[in-house]
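Below: the structure, in structure tokens.
Chain nomenclature is as follows: A, B and C, assigned in order of appearance, with residue numbering initiated at 1 for each chain independently.
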Amino acid sequence: MTAKDLLPIALFAAVAALLPLFVTQNTWLNFAVFTLIICLAAQGWNILGGYGGQYSFGHAAFFGTAAYATAILQMRYGMNAYPAFAVGVAAASAVGAVIGFLSFRSGLRGSYFALVTLAFAEVFRVLANASEVTGGAAGILIKLDVRPANFQFDSRASFYWIALGLVTAALVVTRALERSRLGAQLVAVRENENAALALGVDALRVKLSAIALSAAITGAAGALYAQYFLYLDANIAYGTWISVEALLAPIIGGAGTVFGPVLGGVVLHGLSEFTKTLVGRIPGLDLVIFGVLLILVVRFPPREIPGLIRMWRARR
Amino acid sequence: MRSYPPEIIGEAVLNGLLTGAIYGLVALGLTLVYGVLHIINFAHGALLTLAMYAAFVAWKVFGLDPYVAILPLVPLFFALGYGVQRLVIMPASKGEDSNILLVTLGLSIVIENVMLAIFRSDTLSVQVPYAMEVVELGPMLLGFPRVVGFGVAFLVAAVLFVILTMTDTGRAIRAVAKERTGAALVGIDVKHIYAVTFGIGTACLAVAACLLLPFFYVNPRVGNAFVLVAFTIVVLGGMGSVPGALLGGLFIGVMESLSGLYFGESLGQIGIFLIFILVLLFRPTGLFGAKA
Amino acid sequence: MIEPDPAFLSVHSVSKRFGGLLAVSEASFTVKEGSITGLIGPNGAGKTTLFAIVSGFEKPTSGRVLWRGEEITGRPPHRLAQDGIARTFQIVQPFAGLSVRENIAVGAFLRHRRRADALAVAEQVAERVGLSAELDKPAAALTVAGRKRVELAKALATQPKLLLLDEVLAGLNPSEVRDIVPVVRAIRDGGITVFMIEHVMQAVMNLCEAVHVLAQGRIIAGGTPAEVVRDPAVIEAYLGHGAATRLASHA
């Protein structure tokens, strides 16, 4: 990785870091933090789905595991929020490795991998909804105790910068992956698994590394969500909404590109806010738009925003 | 584990069979589409939700009994399925598995949330005079709407069987399922047959929706409860197999009913998901052809 | 009991059954180190299946494959690549989304962890197969001949000791064949043993020191190309029953 590789990421981080200086309303900062959390979850999906070509419909399993782990460790075991966050991320990564091992060893790909990940996430959701340690259907609250030592902050701007820091870190990780042996092998497996095997790529190991990394990043988004909103229930943590969000942003923004998930996340949520101000709050309307966009980008290639820009440039 | 008197267990088994038949009907549409088009339709659950709202509107606005609503809804949903395959899924798929995955997911998101925007997240149900009526079978009491559902589900399966084996279209469907290129060579319009099959699958959902509504509720996410169940049935019964879908449906219905009895409603669902995961992981080639 | 052959690669009584079809039946042969050895035979003889067994993509129903004295039967392809056996595919399999350079680098990453090293190896290999000018093109944009070269380069980049070429000349026009024949010879001269399935007989005669003939799953002949084409069993396998005697009577 060279300085040139990192420059766009540094530029993005620097510009985005200025936002709280201009936007001080809490509702807007809320929106910005939430969008960053989605972008982070989507960056996780992008590692496995975008670079690895394994489309998961169940990234909620990783988001929720980290979110619950960080909340439960703090509330039931009195752990400090920072190590709890780290354990949450590690737990998500472990869950990813296990699901990946079971699925990839069985040779599941394409729709079947999507189905099995969806089913795993649903199992987690039902379990979390029924179990005592997760607070069951009532959910779990992280006790409000606003101190930086507790990973709780007075100002939303602080959270915004932390979320931005994590998103930036994920961008750097993605760029490093692109420039690494693992990244090259992962893309090779996506493009043609047999050809990759013939070149000595241990496809199972490569996919396992990818899902573990992918789950860790999406897990970080989940743990951050818990820490920001301080409340979880099974439908939030393990709901299909987050699996869908994590997948939509990279697909719309450009799967298998460094900035795709961030671009997609910002465009989708920007669009949804815009329609809200235009026609008022109608439940589900934002997702209708997302769904239509998803169908359109698949129907009319180039599939994603960077592709559209390339096409537009080529025409001029 | 609690122990129950035999008539309670018997009743649970019978109720499971009754619900299972409707599950089978939902799975029938899915398995048919898979068997012929070789695609997994992630919008199947959302299309069921749509059908249930259609049946609800038919009752609420036009005063149609859900069983009567089957008559207009079946052709309507056949046309809808035909159009969706022809105008949305086929042009977007370009023969790629991942595209179909995303397009059918997109469809399900759109349908589910249009329903949410129109009807909000409230749970709705119809009031029909026979909702609470029971059929006595020895010491056991069975809900009348479930008994009707059971009978009609089998009737639909029989009709479908006749269509597939006795009519020209049915023979064309089976030809396409077996050997697409060969079918195209002898002059079968494969795109048309694909859309017809998708239409039949969607029409099955319309029937299932009308059978469910008298004893079930509808909300924008109701289809999700059925879709994983339907996938499980299809995997168990063998992708593309009509009798497999029905038998799988009955089996899953009984499983769900019994595990609900012993483990409680919410944990009961897990049994189904676990079966699904296990079958996918350990017998994917035999039943699904996943490695191909 | 057959003694382990001291040969470089040896295949002992290998059979492969797919359901009711016996694709390969009791095939035994060896490949000498430093040679270019051919595997020829009519269509459907089982050549590709035999290749798949040697390269680890299929497990034989019975029989053994030995590689430098060590049994490798059923070892998965990525481990065989590690051990020094690389293969190309008859239907070329480029990584469509990647450039030629990146395609070759995937092979080079097998023995080089660092990206800079892998890319450097990729460039060297590209030069050996005559792809230097195409390094930055997307692999999908190349002609058939270009893709065949990429296929060759990817395998070479794994720095193998044995290279299995599955019909690397098929689909090329005569002048393209003429261009690539010296490339294959240069690969062998660089110290890599070549074992190739080939249909283009002229190239086989030209390149190979030894040839094994497979027909209906069985090895029916082996020897130098000149010996093999005179073998009545081979003539019959290619041209049908009685062809050898008919040809002999015309002579």
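The rule is simple: a residue touches a chain if its C-beta (ideal position, glycine included) is under 8 Å from a C-beta of that chain, and two chains touch if they have at least 3 such contacts.
Quick caveat: nothing in here was measured; it's all calculated off a predicted structure.
**Q** Where centres are the averaged C-alpha coordinates, which chain has the largest centre distance to subunit B?
**A** It is C whose centre lies farthest from that of subunit B.
**Q** Can you name the chain whose C-alpha mean lies closest to the mean of all the C-alpha atoms?
**A** Minimum centroid-to-centroid distance belongs to A.
**Q** When the C-alpha atoms of subunit A and subunit B are each averaged to a single point, how far apart are the two points in Å?
**A** About 32 Å, centre to centre.
**Q** Using CA atom averages as chain centres, what separation in Å is found between subunit A and subunit C?
**A** The answer is 44 Å.
**Q** Report the inter-centroid distance (CA atoms only) between subunit B and subunit C in whole Å.
**A** 50
**Q** Check each residue of subunit A and list the ones that touch at least two other chains.
**A** Within subunit A, no residue contacts more than one other chain.
**Q** Over in the complex, which subunit B residues touch subunit A? Could you list them?
**A** Contacts found on subunit B: 39-40, 42, 88, 91-92, 97-103, 105-110, 112-117, 120-121, 220, 224, 228, 231, 264, 266-267, 269-270, 273-274, 276-277, 280-282, 284-285, 288, 290-291.
**Q** What residues on subunit A touch subunit C, complex-wise?
**A** The contact residues of subunit A facing subunit C are 179-181, 184-185, 187-188, 190-192, 194-203, 256.
**Q** Show me the residue ranges of subunit C that touch subunit A in the complex, using the header's touch definition.
**A** 55, 57, 76-79, 81-82, 86-89, 93-98, 102, 105-107, 109-110, 113-115, 118, 154-155, 157-158
**Q** Can you list the subunit A residues touching subunit B in their complex?
**A** Residues of subunit A touching subunit B: 53, 55, 57, 102-103, 106-112, 114-116, 118-120, 122-123, 126-127, 129-130, 240, 244, 247, 251, 282-285, 287-288, 290-292, 294-295, 298-299.
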